[in-house]
Structure formats: structure tokens, C-alpha cells
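Pasting in a structure now, in C-alpha cells, and then I'll have a few things to ask.
Letters A, B, C and D mark the chains as written, and numbering starts fresh at 1 in each.
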Amino acid sequence: MLRVGVIGVGAMGTQHFLRLMNVIHDATVTAVSDVFADHAKEVIAPYPGVRFIADPIELIRDPEVDAIVIVSADKTHEEFCLEALKQGKYIFCEKPLSASAAGAKGVVDAEIAGGKRLIQLGFNRRFDPAYKELKEIIVSGKLGAPLVAHCAHRNANYPAQYDDVVAVTGTAIHEIDTMAWLCGDYFTKAQVIFPKTSRHSKNENLHDPQIVLLTTSSGMVVTAEIWVNCQYAYDIRCEVLCEDGTATLPRHARVDVCTANTHYTGMTSDGLGFFAEAYNIEFQAWVDACNAGTYCKEAASAWDGYCAAVTTDSCLKSQKSGLIEAVPLTDRPDFYKD
Amino acid sequence: MLRVGVIGVGAMGTQHFLRLMNVIHDATVTAVSDVFADHAKEVIAPYPGVRFIADPIELIRDPEVDAIVIVSADKTHEEFCLEALKQGKYIFCEKPLSASAAGAKGVVDAEIAGGKRLIQLGFNRRFDPAYKELKEIIVSGKLGAPLVAHCAHRNANYPAQYDDVVAVTGTAIHEIDTMAWLCGDYFTKAQVIFPKTSRHSKNENLHDPQIVLLTTSSGMVVTAEIWVNCQYAYDIRCEVLCEDGTATLPRHARVDVCTANTHYTGMTSDGLGFFAEAYNIEFQAWVDACNAGTYCKEAASAWDGYCAAVTTDSCLKSQKSGLIEAVPLTDRPDFYKD
Amino acid sequence: MLRVGVIGVGAMGTQHFLRLMNVIHDATVTAVSDVFADHAKEVIAPYPGVRFIADPIELIRDPEVDAIVIVSADKTHEEFCLEALKQGKYIFCEKPLSASAAGAKGVVDAEIAGGKRLIQLGFNRRFDPAYKELKEIIVSGKLGAPLVAHCAHRNANYPAQYDDVVAVTGTAIHEIDTMAWLCGDYFTKAQVIFPKTSRHSKNENLHDPQIVLLTTSSGMVVTAEIWVNCQYAYDIRCEVLCEDGTATLPRHARVDVCTANTHYTGMTSDGLGFFAEAYNIEFQAWVDACNAGTYCKEAASAWDGYCAAVTTDSCLKSQKSGLIEAVPLTDRPDFYKD
Amino acid sequence: MLRVGVIGVGAMGTQHFLRLMNVIHDATVTAVSDVFADHAKEVIAPYPGVRFIADPIELIRDPEVDAIVIVSADKTHEEFCLEALKQGKYIFCEKPLSASAAGAKGVVDAEIAGGKRLIQLGFNRRFDPAYKELKEIIVSGKLGAPLVAHCAHRNANYPAQYDDVVAVTGTAIHEIDTMAWLCGDYFTKAQVIFPKTSRHSKNENLHDPQIVLLTTSSGMVVTAEIWVNCQYAYDIRCEVLCEDGTATLPRHARVDVCTANTHYTGMTSDGLGFFAEAYNIEFQAWVDACNAGTYCKEAASAWDGYCAAVTTDSCLKSQKSGLIEAVPLTDRPDFYKD
């Protein structure tokens, strides 16, 4: 029974907490921390076995906590990871690993120095059945080598604080990690294009939609459209072009209705719900690996988090320069192979 | 240049007239007849070369008419066919061949007696590209022998005069001929089932929807749903179950729109428009055959019209008896083979 | 923590056992029984807390067993249900409730006599997200009253013992319960039609496919195609025709591949896998209800099992008579309302 | 009856010739020219009324030719257009209008000088029913302003002579004109990206696929993937992102087959066949306009051909520079408005 401490019980953190209590086997949450103490206490109220610990560092060090789930504000991830590494505890850290590539490098170095892989990054799509089927088809080679991928990440509505930086570090980062994983490669060039902005982008610091263009070390090109106010639904698209054919992510299966000279199918606006199954599989895989004293090979590592951070840094640079920017990445170190 | 006389310029007849004038090559309409003289004269007004002839028999006998298109009231088809056969003229007759199986038999006998195949029945789906693709797949044998077919014929709204008789002789007849053609077989048993009637069926003589069950001489079963007030659109479905797989008619290709938590595709309520391409191909094939002094092998013959009439007779009987009724058909005579 | 005893660990029983051990919360299996002792012991070997009890009656009476899961041979269900009712234990019984309508009536009477609803029938589709969406749309009334439903139940290949009886009591029974649940009605007439039999139906006692026609008390008609050797995949279809439109179950979402002048999507032949999510939701709902000392309102009751048995009896009669047979059912007793 | 002279009877020219003889009303071909005299004579052999004229300039000047169809080599289009303008004859010119923007400007200037719009450019998609439905949805404004469009132009296999220049002037040019038409705008920036090249691109002067990025004067961005060796089929994609939703071109409707754990739908490799209906509508519209002494407003004009040429020039420049290049276009002159 893995004893988990959760830092951050906002919308996503609360879901992860409930998931660990009600869905995931062989794990239980023993402690929770959050800057909003009252809210956190409400969340844990129905679960008398869970303690509230105001100070997240204290939570990380608590002897009844074997493993840490970090779902707090992006800028805190780095510090909590470093502390948890110091304590030798298992870490599930939601993306990003750090707010900067330099910070992410520091975490990677600390993990390597510790000699044990303790960090799993929360890139949930690696556990989504549709993405897994897509990857299997690509990796099987039956369609030949992948050449191009077209991705789209669409949210119905953006939260007030969204700006061009979060569009990259909070949203495009999913496409970046997913495509690096799917293609087994890393990016060497990045470019961001700003089309006409939607009237629904009330925030003047947000260009929406925007198009991210990425090139891998082998020359594959990924076009990733980021559109966080698409209004119509949460929608994730991916088509991979291989030498002998293409493979495309399906829409979710929903009832088809014929009425009024039309046939239609419902879509959801709930992004967390959209990938609920992926989250469940991801957490169970993490818990199983921790209980086995190892790490989950299917999951994203600290190195993957670092690669994503370097790539998003280059995207941010291109947003300002309007140019194609280099992504200064190198081959995966042995510590993170396999 | 085939000189055509058109009898009946109601909704469908007018479309056929315009089709012959504007779309079909190597044919022109020289005369038109209709019980509504004023309307007919309006239809032909823009075409000064077309004469109005009040008496359809006179039109059939007119020396400037080589071929007759019969789109008049169902009960008149038999008489006009017999007269045109007598005159040795080519005939395109919309279904049904006759209002009764006995009447249809009379036309078949007259055609055989004349020694030349002059009649093409207007079963347009035999020329529809989707149905043709469906038939090719079945006939190819790559899915094994056909065992069952599920059909649905849905109209958005029925005209006032529709009742249980027309549901069979005007609507189900399409499924009957199409499936006989597709399976290369004829029917031996028929049964009609009346489910709960839709509130949109204002006519108390119409059960809507109704389900027609047909068995072929080889044992294949066809379930044909007839629903002429489905409200939502004109919709034609067909799935054929073969021993090693199934083949299904597609929906028409239309733009897919994502909006308001849904994605939808438009459908049409216009049945004549739905099969416009099939009608064009059908008429060109007829004109080409007439001009070549022969008949179109892909088209329905008088014999097919007779088979349909015998089958609809049995359906009408089952509507009243509630029982499985025999369909008294036999193998195709040599005159109508190939 | 609900202590469960599982009777029967064949293919499906083993899945249920593993589900209860690894997926379902707040339940654990304490005892297992099976006529094949060696196999059962293998299944439970990795779980040292689980005892093997050779005699199922002894298992039912065991003090460390609070609730019974019956996945043994169909003919044993009735006896085990009666014993478990006598012991006042919770029961999850896979369909059918009994091999005969009379037997099912005995179980219903025993449950009513006991005064507490203890039986949940294993009709898993009631918990399938797609069927639930379908039902919500129908129940919402936005498409008007339901009139007809077209269902298809297709298995890729039938086990050797499949015959016409099992086609009804093992396969059609799913369509029967599902449609009764979806329409909130019961059946009054049943008819079975035998089309041409597939060459893949090696068993001479199996007509495959066959078509079951059912009429509800309100006049709705259900056409249910049963095809257990369709070869191509496990495939479940359902379209409900309402006065103002139709609603159709979707195919599972799978990657779409374009290659070699085609685009294709994979399908599965694994029926248990197809509904895995429904099974998980169903079992968790059962466990939660038992732990709360009540029964699950969404689930099928003993009465639903009885209704299904009466309906399948009439189908079996029609298979022999070739006629439309009455289904002698009446309104739901108060004990089973809500 | 419009008397047409056809210059060029290669694959596409022969189809246009046959279309004019057999499908299009109120037109006939009176003369044909081609550098391969023997082949041309074979093509016209079944049509004794058609003369072969070796010299295309002579054909243009022929008194029995009212209108010219130019389907000859790209580099000849400009010269033949200028001559036909001089003769005051109607012109249907396949794209491109000229091999260079400067040449296209000369043709535009000559047409303006002549004072009458005589040229229709052969951008057939403007007449494709699916594209027309797509444009109607965008223009209706019900989805808000268009912001981005994702296009893909895929051919199964490229002819031997295809290189990076033709990828732009022969293929991307379709996306350029179509999107300018669909958005009612012109392009101001162009960029071409070379991903990893497919092994099927045997020609070392062809990067395949490539991605063309275009920005319109209003800021809309078009991503146009050009892939002329995609192997799997001829495939044209287009999704337009508007502020309140998206609209996507459908695939062609084809029979859906379930077999062998898959369901699949056929696709075609025949690009000319893919758009056959669009070609027919386009030519009929041209013939009707010529016969009415005017021009077809739905069709592409010489100005549209000029815009396309300027845009392709910038794409060619970007292929070499790897940079975002300006597209030096201005607003549409009054002569070409409406």
C-alpha cells in the first residue's frame, strides 16, 4: 500500500486525490497540502485518514509519506522535486518539470546524482488507449517511416490567466512531449506563427489560435495548432504521415443522432474528463512501479520533462522573434534510456 | 437523336422532362401530355420545339415520337405501356408497371408476344453509384454468400394521399426491386409488421413506420423498414450480411461542422435530389440503348416490374392478414435473361 | 469491505474474480468454487487470502462470505440463487436467472417472500456508457416516442456447443433485456425467423444468423439480429427510431489508417473485452450497493431476469412453430418498481 | 452551340475533349491541336466533325472556333491566351495562367486593355459541391470569422518530371487559389518547409512532402501540405477554423465493408476522376456564359490566375531561402470585381 502525499488540490489535484482514494489500487493518500487550507480541508473531509499539512516541504519529509504527487503551481514544481529527490521519495510531477529549461536541467542533474530514477512526469497521453494504438501502428513500421504529424490542441475556453507563455508551457507542451514520445525523437527547431486572433481571446497577451512548427533531429516536421478558445469543445487531433500511409486519432465514440435535416454527435468541453481513462491508467502504472521499487518505463521521465522545457523555451523565443529558432537538445543520456 | 414523348409532368415528370432537354445527350422531347394542360404548357413554354398533346394515346402514336416516358398516375401505366408496345415504341415507365400483378403479367405477355424488349422500368437505384459499388462487392464473392439484408427507406414527410397501399406499391417497391437486383434472386415469402404508429402519421389509413420481411428463393431474408414520416430527412440505408463480412451503403458526403459541443453533418429532405445522379445515368443509359436499337441490360425489365408487382401484392395481403404470405413467383423466362 | 464468494471461474468468471481483486474498490474475494478444482486453484494461487471451497452450497453458507457472484453453468443459477436468498446474502447472478421461465418465477417469489431485494442480474449493457447515452437521449423525449429499434448482436465465432437454444437464452437475451430497459417496457409478442444459414455454422442445430422480432406492450417493435459466426468481429448495433429522429450506438473509437487505396479501422473479436468498462462499472455499483445495505437501482433485478426468461421461452417456441408467439408478461409488481 | 477549339489532348485534355463532346450541352469541339499529331488524330477519330489543326495559333484564329480550351504545356499558356485575347475569343485556360507572375501580369493587362473579360481559369474546385458547401458555411458567418485553414493535397504517385517547382506551380497552386476564393482574400506572406523526404520521392529535386504556410491580408493563416507520393490514394483535405467552430471537407461516400477484424472504405488514386463532377459543372458554366456573351462569376478570372502566380513565385523563393517571403499583391482591380 503506497502512502501518497498530494501537494495542490485545485481542479486537477482534487481529481488526482479522489482517483488515488477511489479508483487506484494499492495506494492511499495520507497527507495533503495546499496554499488554500480551507479548500484543502473540505476536499479531505470525507476521508478521516488523510492529514492536512500546511507546509509542502514538511509533507514531503513526513515519514508516513512514501511518494509525492505534485499538482501545485507550475513555478513550485522544481523546488518540490528537488526536496523529494533529497528525501529519496517517489515523485509524480504534473508538467512542467520546471518553469525554465535551466531549472529542469537542475532537477535532472539531481536525479542522476542520486543514482535512482524517482520522477515520473504527468504526461498522461502516453497512457491514452487511442494514442497508444497510434504509436503501435507507427512503431510497427507497416506504414513506413513517419515524415510529418499534424496535431491540434483545442480547449473550449481559456481560464482568465492564459497568455502566450502558458499557451506554450501549459498547452503546446502536451503536443511536444506526445510527439517526441510517439516518434522516439527530440526537436531541433521550433517556430511559432500567429494567425488572426479570435474575438474570443479577450486577453491581449494571448494570440489565439497559434501554430507551432517543430522539426525533429531526423527531419520530421510537426505542425501543432494551439487553440484554447475554440468554443465548440475540447478537441485533440493527431494525424501522422508515414511513407506508405497515415494514421489518425479517432474522435471519442458517442451516439449519433439524426434529426432536423442533420445528423450530429455530442462532444465534451471537459478536458480532464476527456482523458480520465488515461489518468487512471497513468496513476495505476505509477503506483505499481513505486510499490515494485522501480519506475514506469512507459511514463515520461525527468529527462522528457527537460526536453519539453528546452523546446518550450525555443517556442517562447520564436513567439518574440517571429523566426525559426534552434532547440539546443542532444541525445538521451544512458541514465534515461529504456 | 431520340425523339421522346413524356406523359405526365408532375414533380418527377417535370424533372425528367428538364433532364432530357438539358442533361441527357442524343435525345430531345418532342411532345408532352398531362391531364393538367395549363401546367404542362407552362413547363414546356421555354422550349418552343415541344408540342403539347392532350391525349396520351395520341402522343404515343405520334410519328415524331420514337420513345415514351411514362410518369403519369400509377393506374395508367399499364394502358400506356400496352399501347406503346402495340406501336413498337421504346418505353421508359416509372414504377409500378401496373397497379396489380395481373395487369403487370398482361404487359409482360404483350412484350413477349411482340418479340422485342421495349420496356425499361424506372428503378433508378440500379444506376446509383453507391448501390452499384455495393452490388459489385456482393457479386465479387469476396465476402461469401449473402444471407440477410437490412434496408430502410425513410422520407421526411408523406404527401396527404399516402396510405398503407402506397407505402407498399410506391415505397417498399423500391426496396423489393433493389434487393432482387442486388441478390440476383426473387422473393417467395412476404410479411408486413405494424409497429406503434408515429404521431406524424395523421392519415388513419397509414401505419408508419412499418416493417416488411421478405425471403428469397435461396433463403436470404430482407428486412425493409418503410417510414415515410421520419421527419429528419430523406434517408436510405442498406446493409448486406454475407458469410464473411458485411457491406453498407454510405451516407452522402457532406461537410462536417464542429460547433456548440457537437459535430454535425447536413442531410437532405429532397428524395428526387438525393438520387439525381442515378436518374441522369439511368436516362442516358436508356437513350443510348434506344438509339442503338436495343435495351439496357443494367436496367429493370418488364419482368422485374412484374416480380415487384407480385411481391407487393403479397405484402398488401400480409398487411391485412398479419401472416407470412407466399409470393407466387417462378424463375425468370429466357426472354428476360441477361 | 465486501467479502465475496465466486462460483464458477471459467473465462468470464475468472475475469470477474480478477476484476474484484484488482479493479473494484471496497470488495475482496474470500472464497471460490468451481467444478474444475485444479483450474480454480490455479486461478486463485496468486491470491493467498482466497480459499477454494469445492461445494458451492457450502461456499454460499460460509460465514466469511457476504455476497455471492454466480458465473457457473446456466442450469445451476436457480439453485444457487435460492440458497443465497435463504442465507440472506447479496447475489450477483450472471444471466440467465434460470434455465426456464417457471424456474425464474420461483426465484422471484422467493425473493419477494424474503422481503428484501438481494439479487442483481448481470446484464452489463445497462452500465455501458454508450448504451447509457442512448437511453438518456430516448428518455429525454427530445426525439419523441420510440417506435422501432433495430439491434444486431454479432460474435466472430461461436463456441462448439452453441445451438438455437443458446442463440436465444445466451445471446438474444442481451437484446431482450437491454431493449426492455431502454424502452421501459416489456414484450408481448415474439417471432423468430431463420434466413439462409452461413456455411460457418457447422453445427446443424444452429441456424445462423437468425432474426428475432419482438413487440412491446405499447406496440414498439424490436428487430434483433443474432449472428454468432459473423467472422469479422464482435459487433453490437442498436438504432432506435423515435417520432422525430433516430439515435444510434457508435462503433468503438479506433485509429483510422489510410493505406493501399483504402482507409480502415480495427475492430475486436473479444466480446468480454468489448464491454470491459461496463463490467467494471456494473461490479462497482453492485459492491457499493451491497456495502450500503441496499440494491443498485440501475441494475437488472430478479424480475428483469424473469421477464427475459419468459420472453426467451416464447422465442424458443417460435423457433419451432415459425409463428408469432405471445409473451405472457404483466406489469411490474410494486416490489420491483423503482 | 459554342464551337470550341481544344489545344492539348494529353490525359486531362482528352478528358476535357470527351466531356465537351459527350457531357456538356450547347457546345461542340470543332478543332483540336496537339504537338503529338498522331495521338491527337486517334483521340478525334470517332468524331468525324472535328478537324486536326497542327498549328495552335492557326486553331485560335480559325473562323469555326468561337472559344479556346488551353490544356497544353504550362509554358505555352501565356502565348495562347494573348493570341486568343487578340482574336476576341473566349478562353478556358487550365492553370497556371503563365509560368511566371510577370507573364501573368501581361495577360491581365492585355485583357483589361481589350475591355472584356474573356478568360476563365481552370480552377475546378470552385465548382466542387463539397467545396461549395464549405464556402457557403464560412460565408454565412454562422461560425464567425475564419482564422486558420488546414489543407492537404495528396497524390498517390507523382509523374517522373515532378520537382519542387511543379510541387508549387502545379499542385500547391490549387490550394492557393481555392483558399483565396474560399476566404475572399489574397496572400501577403509565404513560407515553405521541407520535412524529411519520403523514400518514394525518387527524384532528388523533389522534397516530398512539403508544407506551405500562407498568410492572407487579413491575417488568416493557411497550412497547406503538399504530398505527391503519399502512395495510399488521391486525398484532398480542408478544415477551416472559425471563431465559433470549424468546417471540414468530407471524404467521398463509399461503401463501408466489415471483414477480418476491420471495417474499411475504398479510396481512389484517380485525381481527375475524383473531381469529375466539378469539371463537368465548371465546363457547363463556362459554355453557358460564353453562349450568353458574358463570363462566369463563380469561376477564376485572369486576375485570380495572376494572384496565384505571384503567390507561387514567393513560395519558390522561400523554397530556396528557407525564410518567410512577402507576396507582393494588392487589392483586386475594379475590372475583376464581382
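Before moving on, here are some points about what is shown:
Please note the rule applied: a residue touches a chain if its C-beta (ideal position, glycine included) is under 8 Å from a C-beta of that chain, and two chains touch if they have at least 3 such contacts.
Model, not experiment: these values are computed from the prediction.
For the interfaces B-D and C-D, the C-beta contact count is higher for B-D.
When each chain is reduced to the average of its Cα atoms, B sits farthest from chain A. Centre to centre, using the average C-alpha position, chain A and chain D are separated by 43 Å. Averaging C-alpha coordinates per chain places the centre of chain B 39 Å away from that of chain D. Separating the centre of chain C from that of chain D, both taken as means of CA atoms, is a distance of 58 Å.
Shared contact sites, meaning residues of chain C that touch two or more other chains, fall at 231-232, 244-246, 251, 258-260, 265-266. By the touch criterion given at the top, residues 156, 231-233, 235, 251, 258-269 of chain A touch chain B in their complex. Within the complex formed with chain A, the chain C residues making contact are 22-23, 25, 130, 133-134, 137, 143, 244-260, 265-266. Those residues of chain A that touch chain D in the shared complex are 144-145, 147-148, 150, 193, 195-200, 209, 211, 213, 215, 218-221, 223, 225, 227, 230-232, 241, 243-246, 322, 324.
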